[in-house]
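Worksheet: the structure to be examined is printed underneath.
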Amino acid sequence: MSIEAKINDLGYTLPEAPAPAGSYVNYTRSGNLLFLAGGIPPVEDEYMGKVPTDTPVETAQEAARLITLNRLAVLKEAIGCLDKVKQIVTVNGFVNSAPDFYAHPAVINGCSDLLVDIFGDKGIHSRTAMGAAALPLNVSVEINMVVEVED
Amino acid sequence: MSIEAKINDLGYTLPEAPAPAGSYVNYTRSGNLLFLAGGIPPVEDEYMGKVPTDTPVETAQEAARLITLNRLAVLKEAIGCLDKVKQIVTVNGFVNSAPDFYAHPAVINGCSDLLVDIFGDKGIHSRTAMGAAALPLNVSVEINMVVEVED
Amino acid sequence: MSIEAKINDLGYTLPEAPAPAGSYVNYTRSGNLLFLAGGIPPVEDEYMGKVPTDTPVETAQEAARLITLNRLAVLKEAIGCLDKVKQIVTVNGFVNSAPDFYAHPAVINGCSDLLVDIFGDKGIHSRTAMGAAALPLNVSVEINMVVEVED
């Protein structure tokens, strides 16, 4: 099964790759490494504000899944076909964090689990999760990635 | 026109590469990738404190421009001549953020726009901007970069 | 002297590589670069909470040293022997920061100084230190690294 068929099989659809929120591009490539810009969820009320006070953990996990899908849309735009992904190398997850919230890993698992569901072993990555004081447009989660692709 | 002539043409001058603020160096190289340490603006009152309460957005953008110039000074020290830059690969921008400030992308555009003004297509990069709870020496902005250079 | 003998000579012992705190792995490799996941200190009272209000700077430096050792344990797991390290490329240090704490570089020096003590020139790295609003499990410090290794 192709990666994109697998995504559909899991009940998801790749969105349009979103426009960057500033003077930059969604990805750059250096050798076989793709550096994906920090992605955010749809700018809708439920995915905005601090976790867990404004956005419960479960909703923030859903935001992380939606970011993952829009990062994969960017990746497809970059390489044409997601089957060319060799390895999700590393993921950095920033949570718009209440000062006494400590379950950032649970939030970013929304991204990590989906990557493994989609890519299997190629989706297993190293990761850093942390709590930001605030995020662009007041979204609850922001995630960037480095991905290795086939030649 | 050389990149350094272009910088001067835009009305800027490369500063001295600043001393690191701790037990590290301004850059390392691995293959053709240069990893530039997090840079800060001149430690002067106007570039210190939280955005926008202590430092207005416009001043923080100027801080981002000054960081960009001192990162390019580091880059010149690393490779001898800025004409050897192949691509600004990725930029990470940290804003010393009031908890209800959400325009981090506007601040980091001060860096991104200048990189494109200087390097053209080679200056276009992927990017992550976020809000820090506090930054070293209480500066308003901190930026690191990965840059691909010619052999 | 081997790197591991050097570590012992400095009075330290490599710990067990800790289990990741979420759905990810401790490291991935792309070419000769190893991307180490964000590491945390032992989850013990003294290494938890905000710096400097809950954890004094000296204790946070010790946390940074303990993270460094557990990152090196991960690195050994990845490459079999620490003598194969070619260069510590870059270090990102996140401090669980009181909003008016500005000495993040001093905290992360606990990591940087130890890397240089252990690896000499190969331990000198570029670095970014910043203040997080909160960190996973409420630890005081989190550090990730990119490391270049021999073939």
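Going in written order, the chains are labelled A, B and C, and every chain counts its residues from 1.
In this section, a residue touches a chain if its C-beta (ideal position, glycine included) is under 8 Å from a C-beta of that chain, and two chains touch if they have at least 3 such contacts.
All values derive from a computational prediction rather than experimental measurement.
Asks: When subunit B touches subunit C, do the two copies use mostly the same residue numbers, with over half shared, or different ones?
Replies: Counting shared over all numbers used gives less than one half: different.
Asks: Which rotation angle, from 0 to 180°, best lines up the CA atoms of subunit A with subunit B, given as a multiple of 5?
Replies: A turn of 120 degrees brings the C-alpha atoms of subunit A onto subunit B.
Asks: Taking each chain's centre as its mean C-alpha position, how far apart are subunit B and subunit C in Å?
Replies: Subunit B and subunit C have C-alpha centres separated by 25 Å.
Asks: Could you list the positions in subunit A whose residues touch two or more of the other chains?
Replies: Subunit A, residues with two or more chain partners: 31, 132-133.
Asks: Going by the contact rule at the top, pick out the subunit A residues touching subunit C in the complex.
Replies: Residues 31-33, 87-91, 97-106, 108-109, 112-113, 116, 124-133, 146, 148.
Asks: Any idea which subunit A residues touch subunit B in the complex?
Replies: 20-28, 30-31, 35-38, 92, 94, 132-138, 142, 144
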